[in-house]
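Below you'll find a set of structures to go through.
Okay, so chain A shows up in both of these, paired with chain B first and chain C after.
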Partner chain A sequence: MRWKQRGIYWLFLLPSLLGMLVFYVIPFGYSLYYALIDNMGSRQFVGLKNFAGTLANQLFQSAALNTTVFMGISVPLGMGVALLLSLCLQRTKRGRVPATMVLLLPLVVPSGTMVYFWKVLFDSNGLVNEFLLRLGVSDQWVVQHQCHMGVLVVIFLWKNISYNIVLFWSGLNWIPKTYYEQMALEGAGIWRQFWNVTWIYLSPTTFVVMLMSIVNNFKVFKEVYMLYGAYPSADIYMLQHYMNNQFLSMNMQKLCSAAYLLFLVLGVLLLVVFYAQKRVTDAYQ
Partner chain B sequence: MKKAHVAANVCVILAAAAAIFPILFTVAGSFMSGEEIVSRYTAEITSANQGDFVSNGIHFVRFGLLPEQPTLEQYRQLLWESPGYLRMFWNSVLLVVPVLLGQCVLAPLAAFGLENIRWRYKEAVFFLYIIVVLMPTQLQLVPNFIVAGWLHIRESYLAIILPAVFHPLGVFLVRQQLKNFPKECLEAAQLDGAGAYQSYRYVVRPNLTSVVAALAVLLFADNWNIVDQAVVFLKNTYENPLSVYLGSVVTGDPGMFFAVSVFYLIPTFLVFFLGQDYLTEGIALTSVKA
Partner chain C sequence: MRRERLVLSAASVFLVVALTFSGCRSSQDTIYSQALPEDSPSSTAEDSPASQDKELSGELTILSVYEFSNLERIAEEFETLHPNVKLNVEVGITSSADLGMAEPWEQFMEQLTTELMSGEGPDILVDPGVFTPKQYQQSGVAYDLREWMDADPDFHLEEYYENILQAYEVDGDQYTLPANFWVSVLYLNKELCDAAGVSCSAWDTVDYTEILDIWRAAENQGLLAQDFTLEFMDQKGPSSLFFDAEFPCFVDVKAGTCSFDSPEFIQYLKDTKSIPSNRTLSQGVVTMSGSAIMGDFSRSNQEENHSLLLYDMLSLDSLVSLSEIPENCVGPLILSSREGEVSFSTSLSFVVPTSCSHPELAWEFLKFCVAPVETPAFYSFYHPEGSVDIVQGGFPVAKENLLSYGELYGKAYQVMGGSMTIPDDFDPASMDSPFPDGFFTQLESVVSHYRFAIDSLGRVGEIYTPILQQYYDTDTLSAEECARQLQEKVGIWLQE
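Right after this comes the complex of A and B.
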């Protein structure tokens, strides 16, 4: 009887586990083999040659650089603005529920449906340029200073920032109100309350938000694709585009070596954030 | 103290306005005629848009929320004269529904199974789930692409649907929730003679309704906005989900863009208004352990 019971739990797990192994884990492991052979025909083992080739590839380099720049801007900015907004939300009494609802809306809105709005705002004949020209900025300057990266950051934050707000919000609610009351009794202002209570007790959450922000960053591909198509200008050519080009040309060696490089770098980055989070959390418990 | 409250309220109101404005803009545009949309936003100077801001021979957008002559013409065209858009909308439905059904059945079962098996490596298995959850889409696409080649299903919807059904997010979310489930309830059910399936069906599953709803909302938001997978797997334009094709409507058929977008937004709004509490819950759950 008991063994039969055990068997049933395995039966519950198995369909999902097998599917996950078959569609994700096993082929991803297998792709390491593709990254180590010369081509799909002769299948000669060439060691790390593909990796060296990928690292030396100029397109890959600029894609990696653009992805890093985008991450370097949008992660801290997204976290900062989200923290500020969730602190503000905490201080609003009436209207908090509808406000949160409205803030969450962009998260479910398909990227494609908003394309026209962003075009009207940021295109060369758009509102932002008109504003600059009316201010007396010269035509030349406007043409020369097209900032695609900035546009992407704005659109990305518009769509994804509420994710961070929700995470910060649930983190803020874990901090006992009595801590603030204690500080207020001692005559501490908002700033001291923030640094001595909020910042410290929120730091485990902050690391989680950072982790999720890094992961979510790659979703920006949707926006780039919608606005600029499959071949955007060089300053916003991201790793996702590089990978997509390898899919389309079916170059498994380039594809898999790039995938493993990304996997390694991202893995190390996430592990660092994860352990930092663990240390901070343990310190407060 | 008072000042801080005012500032906080102002910040929240500004942010909410920024969040909703692009959506209002899109909805407003859907009530404009095709000619009005073109004359407002084109770079060319035409007889219809003289008087707008012009620089270097380029017409600048005439921004505004109020249609000059409100009309439902675009919707009429969309529903009765544009089978192409309807077909792509239907493609989106075909891609999303099987994923939602599959995940909502399989994920809670698997999470319950994983929670209850006794095996040394079960946490290692769960760690595997977490790693895959954290992989960016382009990385997940690599194994998806390879398997699709093995199974000869590249360029078919199955290449997108099957990996999405087995995407580990569902098991991850439900297991996070199950960890808080009181063991005593299960023991009590077993004392009363319930087998594994009965205790799942009558004790555990009813308590997972809200996390499964959260999962459904998250999955819907993700898959209704599917782009990356479709770009890799689908070759023919008419096979694309509308989420991908919308990008080309802006230049190809600008007059229709807003009506098509609003049409595509309707299911999103429905899901959102029914499930927005679950959405917040789902997001919060993804962070519990991470």
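Right after this comes the complex of A and C.
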């Protein structure tokens, strides 16, 4: 009976497992082969030479640093702002529906439209620079003090904050109201209620949001690429630029070795997040 | 349960290892042996005994990145010589409206890159410079044609402009074979040259600093008209005119370094922006050629000096006009960088991807497009049986063809006048040469001694053009900031 049940599970899982195998696992395994050969012509096995070359590449190092900085700023900021907004939404009595609609708008706006909007604002001839020039700032100053990383963070927040709000909001709705009532009866203020109830019961959701934010961090490339092209200024040159440009230069070896290195780092990072989540959840239970 | 896991793990490892190492055998040697058979066919298909002995057969797909209508005619000529050969000519960017348009261009490039890397590319790629020789070398997606050249007893490198071929060389490898080339030439206003004390002879190289000196001296002496502009008819604008020539001075592709942040480049930017011109970078380039335009240039400067130079592309089409240079013009002069490197362009350069199904046939076709010919043709106007037009007005890469095609082009222009039709009884063999004795010997010698630098460096133009536009056109960048941005972005491109 157990074997029969297990067989049925596997039968239902089979289509998606096959899809995973064909579209993800096999190409991913095959890309390891490309990372271990010298080029697509002679295909000589070179061991870890491409990995060593990629790690020693100054541009790769700079791209990795920029990606880390971007992640370090945008992930906590995106989570914090989303949590704040979802708490505000939860407490709002009037106008919750229109506010929710406005906050969820970025989820349904196509990337092209969004990039056009950002281009109008942040392009070298955009509205922001126009405004600064009208304020009397010199055009040379405007050009020299363009905060590209800031623009990127704003785009990331705009694009992903709605998603985080949805997750946080659903997490907040699962917390029983009676807990807050009990805390209020015991004389706890809003801040104490947040730390002792909301934060604790929201921790599984927080980890999910963190996980998704890290993953989404790598998905903002499309907008950045459309906004600044394949060769942006050095301070926002990310790992995705590096890999995308290696593809366009037909350098499969550098591309695959960089992708594997990124996979390893990201894998370790996600494992740490999972482990931390387990530790925190166990501690609260 | 543990057993199942063990079996699954072993199967996964086996699968990954099998997939990883299944293609590890080197295929290059096998492919070279296909491309270079022991009885390698000869260079010119129509007159070579070897190719007559061994009839070629097979089907090739030739992909041209841009539309190049004459490629189909060349393919047809080759098919006529070899009835068992079928050549399918495909074009990547078919609509001229799509040129420079981001989306169709990027879609095409992504598709081409994917096909080349996956070994499903065309048999021959006509690459106007979208990939650099170094990229071909690093990726290994194209054959090293130098190995084919060296192994083919019927291909003699010394018969070709080796300085042109060397421009494409990377570590002794040759991935691109150009069939023709164009060089930028200038004609200067003689009165202004004399006033500046500059004397130039025909075919001398001249760089932007010398042109600037002439302009400054003329301005100081009050010799310039009120509406003076650098170029006659403002064909290119100072940025476009000089940047291609100076580019090799500031970029060392082989070393992967650039020096746009140097004081010399900043000075270059300031100097070239100060020259009076009515054409911006975004307006593109106006191409004009021939003796008529030279006459106009000469006449425009007779009363007052309205312009300093006339820009032209040296091609077979314009050789006749060299004998009619007006007295108040100096030239032709070759535009070079300050270090004496001369840039050139080509409309027909071939790459053979490793995905080529018939490397031997591809090499024969390449030789057909570059090798010395017995009977040249003049576009579609004059095309007797057995003749071929492989130069399309450009300079042929085979030295011998310079004489044969040059003579024909000169005679054709002589009979055509301005009508663009050739009389039915046109017989070049019975006509006298329109060129003075020793003209082609001198020209060949001159061209052979230039140090050529490739001007097509992949997609780097997409990086520097918007920055230069901001400096020259919209005036939103200072020279220092422009130089800094170029250094940063081109530096990234070089280091990748």
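FYI, the second predicted complex is superposed on the first by the 237 of 285 C-alpha atoms of A that agree within 3 Å, B and C clash if a C-alpha of one lies under 4 Å from a C-alpha of the other, contacts with A are read in each partner's own complex, and residues count from 1 in each chain.
Methods note: a residue touches a chain if its C-beta (ideal position, glycine included) is under 8 Å from a C-beta of that chain, and two chains touch if they have at least 3 such contacts.
Note that the structure is predicted; figures quoted are calculated from it, not measured.
Chemist: Is A:136 contacted by the first partner chain B, the second partner chain C, both or neither?
Modeler: Neither: A:136 stays clear of chain B and chain C.
Chemist: Tell me which partner A:125 touches in the superposition: chain B (first), chain C (second), both or neither.
Modeler: Touch status of A:125: both partners.
Chemist: If you stack the two complexes on chain A, which partner ends up touching A:245: first (chain B), second (chain C), both, or neither?
Modeler: After superposition on chain A, A:245 lies in contact with chain C alone.
Chemist: Taking the superposition on A as described, I'd like to know which of chain B and chain C A:30 touches: first, second, both or neither.
Modeler: In the superposition, A:30 contacts both chain B and chain C.
Chemist: Looking at chain A, does chain C or chain B touch more of its residues?
Modeler: Looking at chain A, the partner in contact with more of its residues is B.
Chemist: Examine A:84 and indicate which partner it touches, taking first as chain B and second as chain C; both and neither are also allowed.
Modeler: After superposing on A, A:84 lies in contact with chain B but is clear of chain C.
Chemist: Examine A:187 and indicate which partner it touches, taking first as chain B and second as chain C; both and neither are also allowed.
Modeler: So A:187 meets neither chain B nor chain C here.
Chemist: If you lay the two complexes on top of each other, which residues of chain A touch chain B in one and chain C in the other?
Modeler: In the superposed arrangement, which is not itself an observed complex, chain A uses residues 26, 30, 124-125, 139, 229-230, 247-248, 252 for both chain B and chain C.
Chemist: Which stretch or stretches of chain B touch chain A in the complex?
Modeler: That would be residues 4-5, 7-9, 11-13, 15-16, 18-20, 22-23, 25-26, 29, 41, 43, 53, 55-56, 58-61, 63, 106-107, 109-110, 112-114, 116-118, 125, 128-129, 132, 134-147, 150, 162-163, 165-168, 170-171, 195-197, 200, 217, 220-221, 224-225, 227-228, 231-232, 242-247, 250, 254, 257-258, 261-262, 264-265, 268, 271-272, 276, 279-280, 283-284, 286-287, 290 of chain B.
Chemist: Spell out the residues on chain A that touch chain B in their complex, using ranges where they run on.
Modeler: These residues of chain A touch chain B: 5-6, 8-17, 19-20, 22-28, 30-31, 34, 84-85, 87-92, 95-96, 98-120, 123-127, 129-130, 133-134, 139, 158, 162-163, 166-167, 170, 190, 205, 208-209, 211-212, 215, 217-219, 221-222, 225-227, 229-230, 239-240, 243-244, 247-248, 252, 255-256, 259, 262-263, 266, 270, 274, 277.
Chemist: Which stretch or stretches of chain A touch chain C in the complex?
Modeler: For this pair, the touching residues of chain A are 26, 29-30, 32-33, 36-45, 57-59, 124-125, 139-140, 143-144, 229-231, 233-234, 237, 242, 245-252, 254.
Chemist: Residues of chain C touching chain A in their complex?
Modeler: My answer: residues 15-16, 19-21, 23-28, 109-110, 113, 116-117, 119, 131, 135-136, 138-142, 354, 458-459, 462-463, 470, 474, 476-478, 481, 485, 488-489, 492-493, 495-496.
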